[in-house]
Amino acid sequence: MELIGVILGLVVKSVIFVIGMFLLAAYLTLVERKFAGHIQQRPGPLHVGFHGLLQPIADALKVITKEDLVPDFVDKLLFYMASLLAFVPAIMILAVIPFGEKITLFGYELKPYITDLNVGLILALALGSISIYGVIFAGWASNSKYPMIGGLRKAAVLIGYEVALGFALVGPIMMAGSFSLREIVEAQQGFFGAFIWYQPIAFIVFLFAILAETGRTPFDVQEAEAELVSGYNTEYSGMKFGLFPLAEWYIATFVLSAIAVILFFGGWNGPHIFGPFSSYIWFLLKLGIVFMFLLWVHWTLPRYRVDQITELAWKVMLPLTFINIFLTAFIVVIKG
Amino acid sequence: MVKVRYVERPTLSTVEKIFFIDFVYGLKTTIRNFFRKTITTIYPKEKLVPPKRFRGTHAHRAKDGNEPPSFVVLAKFMEIHDYESRCVACYMCQQACPMPTLFKIEAEQLPNGKKRVTTFDMNLLNCLYCGLCVDACPVDCIIMTDEFENAGERRNQCVIHKDDMTERGISFDRRRGNEPDRIWIDDKAREKLWGQIEWT
Amino acid sequence: MPWIKEEKLETLKRLFPNIKIECNEKISSIEVEKGQILEILEFLKTSEDFGFQMFIDFTCVDYPLHKPRFQGVYILYSPEFKERIVVKTWATDDTLPSLIHLWKGAKWAEREAYDMFGVTFEGHDNLVRMFMWEGYKYFPLRKDFPKEGIADTYLPSLNEPENSIPSHDYNPYHTQLPTIEDLENTEKKRFEKKQAQIVLNWGPLHPGTHGTIWFLFDMEGEVIKHCDIILGQLHRGIEKLSEDLTYTQIIPYTDRMDYISAICSNVAYVNAVEKLLDIEVPEKAKWIRTMMCELQRINSHLLWLGTFALDLGALTIFLYTFREREKLMDIIEGIAGIRLNSSFMRIGGVRYDLPEGALDVIKHFTKDFPSKIKEYETILTKNRIWQRRNIGVGVIKEEDVYQYGLTGSVARGSGVPYDIRMLQPTDAYDKVDFEIPLGTVGDSYDRYLVRMEEMKQSLEIVKQCVKQLEKIKDDKYLATDNPYVLPTLQETFISIEAMVKDFNLRIYGEQTPEGEIYLSGENPRGELGFFIVSKGEGKPYRLRIRSGAFYNLQVFPELIEGRTIADAVVLLGSLDPVVGETDR
Amino acid sequence: MDLSVIAFWSFSTLAVLSAIGVVFFKNIIYSVLSLISTLIMVSGLFFTLGAELVGALQILIYAVAIVVFYVLVISTVPEYKGKAIDPKYMLLSLPVGFLLFLELAYVSVYGAWASNTGIFKPEVLNEIGNVKAVSTILFTKFLFPFEVASLILLVAMIGAIILGRKEQVMDEEEVK
């Protein structure tokens, strides 16, 4: 019985997380479109609902009911699997991300995370990087030249930035002394406890890596529409297509911004001015700011060439992270 | 006088490189635009009034008492009632048109010796909207109106005929006949993009 | 720009006694024998006294009754003496020697002549069709090919139901269209065999090609080893069509060549016809033309900037430039009546006078615009990504400019001061002050900087025009006194003479004197030249359009070899072709 | 039945199945896909056994970093080359595979007792965590092999850089 209870609890929690994430991702599209619109002095979605508030739902309906074209000569199995392969790992990262402190409501203890592993950060990274197989296989399975180039570009970019990202995280981990995301947050107390003050280099590298990993400008080479039509998802349509941007642009960006908040901005730490939900509100507030910053960058900058991106990763970002690790280690050792 | 000058190629200094000054300026510009007012005309709800010179769907002016002197001369040979198209079947519009086949003009000789226009069809699918027919009309009959929403699902829906052209002409003159030859009507919708213009 | 002087041609005649000289104020041409053509052209190119280094244009003219039938016409320019010359020769046996060893730019022009006239070129390395597809039987610009084509392909409309009555001019038969096999053959003919891993079809419909250009990239990984361009997807045969239209009726067609800068094309064409007819344009019309041209130039450059930035991933700039473009479009719409294909010019002036309030609006725009240019520049010019993407991409050397006949901002980006507004000022360009920006390196970044500077200079010209136009408010805008100029509507309404003149000109066209003219205008995309052969009729006997974009695009395959597909986007964007003009 | 037991058996079954897939799929991309699946399943096994660090690293390093390189190479190889199967090699692979199997069996049967079980009891592990346990062992008992491995990797890296450089230089010479 106990076993069933545990399983049931986990399933319910996961379902809540997944559905919540779906809705959230859908509304993140609205956020992005409104933000992009206003940056370009236009109002963005306007007609569906009040100021386009129902637009994501209309979009979801449209994408789901669209004709699902599968071209001839594609590798059918991989073609279907690729979009799932991109989407599922991205959403699995949620399993290890804590969104706030434990709270007790009506006698029940609510944990705002699915599991708290002591290697949570590494797992998050590992799952995040698995989703690139979706992109690569989508490119390969489409049996077409543009998706192929797009997939290979993504792979080349990711190999570079995965390494830089991993090394950038070492600084905060060394300062916190743990891989557990919860413990990292607990290590940053107070306004000046946030690791951003001590790890600016790591933070910049991390920002670049998020942009590269989620395929946003200046690193959106895998779907550079002027060069590759739409890159790796050129041959996709319907919901199979919809899952790619949902996974890459919204869920992955959201989750990686959450990790950025946890690692550099003190997670849910903040003055308890919002009552029992204070920690959640702080966390989401910080997350929103980071997410908006990424959008802001996306809608401002032009795009690098793919060889320049890898060059940047290996020649600038990686050495910077090494310097950062060295300096951090030095200071940690001196301070004890 | 014309002068020749070499442009200078700006480069980034080291300080600008390290502190991402170029990105910061760019980001500053975009966020400043974020807080500006939007300029979009929300099309089906708001519509800009096209300028009076706008070259939209063709129309025929009707015989309404404001005809030019040339019409008075030519109308002697024509059987035209009041509030009917002024067309005198001179075929000048067809002559002036770079794509003459889009016109189909037919006239018949009445027993009283006068001419009467029976057909005046224009296939707007072939139209260049260049306005040469308007320039060619000696009796101020064919004009171009401010109507532009004239999409159709079938080819023959894009053919306009004499009667609906006359109707359109009357309505255009009623709406905008007295308007001065101005660059555009100053309205709220245009202010969104333009701001306040100082008119002299 | 002045044509070569007769005295100078006399010295040439002493060296080559067989040439025939024809000199007047409209054109200076020499006619040479086919056997001597290569020798003379090489002499003209290399000799220090002549220095005709730059290739402007080559075309053919068909005289069905003459033997030999085709006349080849070469137009050259001397950067040193700032002169032009026209060299003509007759193509005996329908062949001419190829010039590709003298000027690389002759390659496409000769292919076009082959495509349109069936003249073959000895020594040409790849003489295939330029605009039409392989397997097309006819040579459309020959005089015996009917204007409307040979309607032999049944192609009914898809949205026309079987039993419905179609419109009066509906015809389900069309001229021949290429089939898929034809297109495949065309593609195969371009690449005899592929040299690298994959052949990428970049286009005909691709977001990066700015229209319907079909690029073939032979690629090794992402590096392009070999490139060819298939043009003709937008080929409408404007040159052929205009042989059957009066001079006024051609004006709307010139709109549709470079549809982004319709007014500039109008002005270039109208100027050529006016010079042919010796019409003096009223002062006010000249200023209006200049002002509208420059507004259109800003408009065109804004579209270029927007799409260029869009190609490089900066989508926001695209919408910022369209914001300003919308204002310019509003101005053009208010003055000319239509936003894009405005057909505002008329032979002898402009179509309408400026409406009330036009100058106020333009003044408002000129006040506002510099801050917006600054906005684009802060986002782009010093941006490190922008610089890394642009610097060193597609470096065009000065020699290449002459070889390929590159004009416009592309030539100026490479430091060649070739600007028709300066060399051969038409309209009011000789009365305004402006600067011509030149690049130093000749890469994509220089072309970007040059175009940005040109926008500012155009704005200066507009300001001067507005100032001038405020002074001459009551001047005439159309030289209706001239017998070749159509009367205005108001004149037709009240005077019977004007009506008769109108009827005559509409029906018979402007009876031009026999002769030839080549006159060009500075289009935003390069030199847009009109070479008109008149036989004293109301229609041009031959109207050759020298399109800047056509020649500018020709340098693309050479520059892109060894670079990646990401650079192809940058290079194409910085060359800025408009397919309506390359294909005509 | 305990939850972890179910997890263990399902993970190991899937791991074996996907490993079989690696060998028997004719399409090379499917083989790689099975390989990824195997590696992930193995990391699942690590998780069920409480070695979270090793599990996470297994995914990060093996399933992602290394296999991505495989995929990169395979994607650029034309399909017809990837599909070629030569039966001669298959015959050769049988005895070699059998030998490998024997070796692995020997190691797992004897090595299981000979290894350092018992240094970290589960209680200790729960207290100090996986990461510290692994690093403690790595930097005390296995310091020398660890350093040697790092040195070899460094040498390999430098060698790779030099090799990569040489090719570039040669390319430039060809151009000249």
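In this document, chain identifiers A, B, C and D correspond to the written order of the chains, with residue numbering beginning at 1 in each.
Just so it is clear, a contact is a pair of C-beta atoms (placed from the backbone, for glycine too) under 8 Å apart; a residue touches a chain by one contact, two chains touch by 3 or more.
These numbers were taken from a predicted model, which means no experiment stands behind them.
S.K.: Quick one: which pair of chains has the most contacts?
M.R.: Maximum number of inter-chain contact pairs occurs for B-C.
S.K.: So the centre of each chain is just the mean of its C-alpha atoms; given that, what is the distance between subunit C and subunit D in Å?
M.R.: Taking the mean C-alpha position of each chain, the two centres sit 62 Å apart.
S.K.: Distance from the CA centroid of subunit A to that of subunit C, rounded to the nearest Å?
M.R.: 49
S.K.: Subunit A to subunit D: how many Å between their CA centres?
M.R.: About 27 Å separates the centre of subunit A from that of subunit D.
S.K.: Between subunit B and subunit D, what's the gap in Å when you average each chain's C-alpha atoms?
M.R.: 71
S.K.: Of all the residues in subunit C, which ones touch at least 2 other chains?
M.R.: In subunit C, 316, 320, 323, 379-380, 383 touch at least two other chains.
S.K.: Listing for subunit A: what residues touch at least two other chains?
M.R.: 39-42, 299-301
S.K.: Got the subunit D residues that touch at least 2 other chains?
M.R.: Residue numbers touching two or more other chains: 76.
S.K.: Please list, in label order, each pair of chains that touches.
M.R.: A-B, A-C, A-D, B-C
S.K.: Hey, which residues of subunit A end up touching subunit D in the complex?
M.R.: 3, 6-7, 75, 77-78, 117-119, 122-123, 125-127, 129-130, 132-133, 136-137, 139-140, 148, 151-152, 155-156, 158-159, 162, 166, 178-179
S.K.: Please output the residues of subunit D touching subunit A within their complex, sorted ascending.
M.R.: Going through subunit D, the ones touching subunit A are 1-3, 27, 29-30, 33, 36, 40, 52-53, 55-57, 59-60, 63-65, 68-69, 71-72, 75-76, 129-131.
S.K.: In the complex formed with subunit A, which residues of subunit B make contact?
M.R.: 23, 26-27, 29-31, 33-34, 36-40, 42
S.K.: Which bits of subunit A are touching subunit C when the two form their complex?
M.R.: Residue positions touching the partner: 36, 39-42, 145-146, 149, 153, 217-218, 220-221, 224-229, 299-308.
S.K.: Under the touch definition given earlier, write down the residues of subunit C that touch subunit A in their complex.
M.R.: 198, 200, 206-208, 222, 309-316, 319-320, 323, 379-380, 383, 385-386, 388-389, 564-569
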